[in-house]
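You will see chain A twice below: alongside chain B first, and alongside chain C after that.
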Partner chain A sequence: MTIASTTQGICFLILSAAVVFGSLGVVLLPNIVYSAFLLGGVFLSVAGLYLMLNASFVAAAQVLVYVGAVNVLILFAIMLVNKKEAMADIPGLALRRLLSGGVCLGLFLLLLRVDLTTPWAVPGPSPIGDDATVRIGIHLFTDYLLPFELASVLLLMSMIGAIVLARRDVFSVDIVTGDDADQALIEKSRTPLLIETPPAEPTALETRR
Partner chain B sequence: MMTTNSIDVPLQAYLVLAAILFCTGVWGLINSRNAVRVLMSIELMLNAVNINLMAFSSYIDGQLIRGQVFAIFVITVAAAEAAVGLAILLSLYRNRETVDMERFNLLRW
Partner chain C sequence: MMTAPESMTMLRSPLAAVSTGLDLQGSFTTAMEGFGLTPGTAHLLWLPLPMLLVLVAAVIGVLVNVWLERKISAAVQQRIGPEYAGALGVLQPLADGLKLLWKEDIIPAKADGLLFTLGPILVLIPVILSWLVIPFGQNMLISDVGIGVFLWIALSSIQPIGLLMSGYASNNKYSLLGGLRAAAQSISYEIPLALAVLAVVMMSNSLSTIDIVNQQNTAGILSWNIWRQPVGFLIFWICALAECERLPFDLPEAEEELVAGYQTEYSGMKFALFYLGSYINLVLSALLVAVLYLGGWGFPIPVEWLAGAIGQSVDAPVVQVITGSLGIVMTVLKAYLLVFIAILLRWTLPRVRIDQLLDLGWKFLLPIALVNLLVTAGLKLAFPAFFGG
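Presenting the complex of A and B:
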């Protein structure tokens, strides 16, 4: 056993422990801000695993896209909707958690059995290591050109869709003064459009178109 | 540069790690009350799939690294999904003033 392979084993153990405990924290912690930061830690650990798998380009893309964009987006969403609300108890929640835990455990055992009993064709051809970036570029511009272009169209569509969905385009008019009501921030209280039970007294805002 | 995969970390270790991560994501997806946490669980599951793709790409398909190309496409789709999902969540929060998944029952009979 050489020093390099020992180092690799230790690195794998540390990174996988970070991934497992981090993901458990993401799911189980009551404070969602801690969950979001732990999610960033999980993404970074997965990028480290990619580095161990001779994939430096995908590791860099993981750090840039997941940690830099998705995690920041999730933190912004938490900041925008982080209202302290007491979630009402629903009956049978513990039983539901137990049942779904059983289902997930069964799924895990199934996957474990598939992983450990399938005769994988290892060792395959030796990995190309640092030339992976060049090979990915060749793939993206020859045989994966159509999915590459479709991905750009998908990103454009999702960008426009996110803007259309998230902008506030319901204009309200104040009954008392007749002015347009200000396009309030999300935290400012305003009449919800789809309230579950109609309020008893009429509110001061009426929606126009 | 020719590199070899170490014998210390077998392929199965990566697959078992991805299975653990995926099942954690499924459990969180089912049991979260907060809608943001549901989106985070989806990201966990996508990362588990990516670990699988990268492990197979390195161990079995070492010369034509098609798994890495697939992982890049999965990362792209995940970014688009996160943006649209959070926009839907903001719109829903603006209309219902809650992020409790149990109260998002507009489409229930």
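Presenting the complex of A and C:
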């Protein structure tokens, strides 16, 4: 047992515990803001696991995309619409929770069975470390080109959709009701700070000249 | 799973690299083994040393930065600035820091105590972690990780979460608005920033900061990236200022509109963490500009030529010590020149509006950065000798 392997074991235990309890917290906590922050913690722990597998590029990409973009956007959305509202009680909440808990448990058992019955090749192929960046690039532009391009088309579509939804001047009539949809920004009318004088007739000073 | 001792130590041995220059780790380990320690123990003793050194360097960098900011702003406004604490007021930042240490640490009654405490920590830690990849010489960095600058980009994207957290936890509308603005600004400017870095990476064929600097130091000042990437340099500098929330982009803490943004409710040491974080980030950004565009530790005239001119071998111990020190001095000098420009900008330019800020980021910098990337790729194909084939 060398120092390196001991450190690795400890790190693996801490990271796995963070992933497991963090994701449980994401699902079970009643406060949605806590859930969102915990989700960021779970993403970071998963990045730590990637780092332990010597996949530093994947780890950094995980942090950049999931923590830096996805989680920040989730938080952003929550905080922009964070109204304190009393939710109406849903009928049969206990039964619903029981059912969804049962479904989750079933899925977990299924995964556990797959995990236990698959003959894993231990230890796996040796990690290639920093060369992984080059390898990923080569794969993305050769045998994984089609999925890569399809994903970018999907992103483009969602981007255009978001722009159409966000722009106010696209729809002049409401699609559902057919009424005029006045989507202009409602602004408070304000008195101008400078008194706007109409171009006045020549004043006494100018006529005298 | 457990076959990766190297990723854990996070320190690739510089011995493995075929390079000239000082090898402090090698000498230290050999010296420790001379005292009868095992190689593992010697390595373990070495590990904290560069980290502590860089941490101390970062904190001293902040102190110098604060002093510079006070003195330069005073000069800009034709005042004298701090002058009683030490000669020319050099001890003033230390006094500021001590004051913050002694101040009462207040958590507002309606605030969320846990998130309120975690926020500033989450802001500071990624900034300090990013110093991992800053090189001061051929072997003088904590870790030559292969993903280099990409690590910095990824780490800097964690910061907005801390800002959002402190903005939300303060339970104050100004704080929340400041946090939201910080997140929006950070996300918007990260994209042109990453694209500008990508153009440099494309020329040096590597993400490692060491390789990027080495690729620039073939012909002294003439081969620095700033000549090959003038547009990229400007984009990077503007985006770095925006990421550091420096004026003219300090919207998240715009005092006329938002009191102090996400810092409004903070005092004492928690405020000091924000303060420290923003200044460490400024020094870090300046260092990265120096590394990516101004030749890092390189002297304007290559040291190999100078050593050859006086008839010395580059591998001679004395020459190596001089080259190493010169490298550190050059890196710090370039970085502080950029810090000086940032401070001058802060005290001479007015603040932009939030819509102007987002317009600049999305409608101007992003297309320009994309075009810059495309042109760099074309030039690399056309003139591989000059643009790194």
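Note that the second predicted complex is superposed on the first by the 160 of 209 C-alpha atoms of A that agree within 3 Å, B and C clash if a C-alpha of one lies under 4 Å from a C-alpha of the other, contacts with A are read in each partner's own complex, and residues count from 1 in each chain.
Criterion: contacts are C-beta pairs under 8 Å (C-beta built on N, C-alpha and C of every residue); 3 or more make two chains touch, one makes a residue touch a chain.
This is a predicted model, so every value here is computed, not measured.
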Partner chain in contact with A:I160 - chain B first, chain C second, else both or neither: neither
First, second, both or neither for A:D115, with chain B first and chain C second: first
Chain B versus chain C as contact partner of A:L51, first or second or both or neither: second
First (chain B), second (chain C), both or neither touched by A:A61: both
Partner chain(s) touched by A:V72 [first = chain B, second = chain C, both, neither]: second
Partner chain(s) touched by A:I3 [first = chain B, second = chain C, both, neither]: second
Contacts of A:D130 with chain B and chain C, given as first, second, both or neither: both
First, second, both or neither for A:I14, with chain B first and chain C second: neither
Which of chain B and chain C A:V42 touches, first, second, both or neither: first
Which partner reaches more residues of chain A (counting touched residues only), chain B or chain C: B
Chain B and chain C footprints on chain A, overlapping residues: 4-5, 8-9, 12, 52-54, 57, 61, 69, 73, 76, 80, 122-124, 126-127, 129-131
Chain B to chain A touching residues, read off their complex: 1-17, 19-28, 30-37, 39-41, 43-44, 47, 50-51, 54-55, 57-66, 68-69, 71-73, 75-84, 86-91, 93-100, 102-103, 106
Of all residues in chain C, those that touch chain A in their complex: 1-9, 40, 44, 115, 145-147, 150-151, 153-155, 157-158, 160-161, 164-165, 167-168, 176, 179-180, 183-184, 186-187, 190, 207
Contact set on chain A toward chain C in their complex: 2-5, 7-9, 11-12, 33, 37, 40, 44, 51-54, 56-57, 60-61, 63-64, 67-69, 71-73, 75-76, 79-80, 122-124, 126-127, 129-131, 133
Chain A residues within the chain B interface of the complex: 1, 4-6, 8-9, 12, 16, 19-20, 23-24, 26-27, 32, 35-36, 39, 42-43, 46, 49-50, 52-55, 57-58, 61-62, 65-66, 69-70, 73-74, 76-78, 80-81, 83, 85, 87-88, 90, 96-97, 100-101, 104-105, 107-108, 111-112, 115-116, 120-132, 135-136, 139-140, 144, 147, 151, 154-155, 157-159, 161-163, 165-166, 168, 186, 192-196
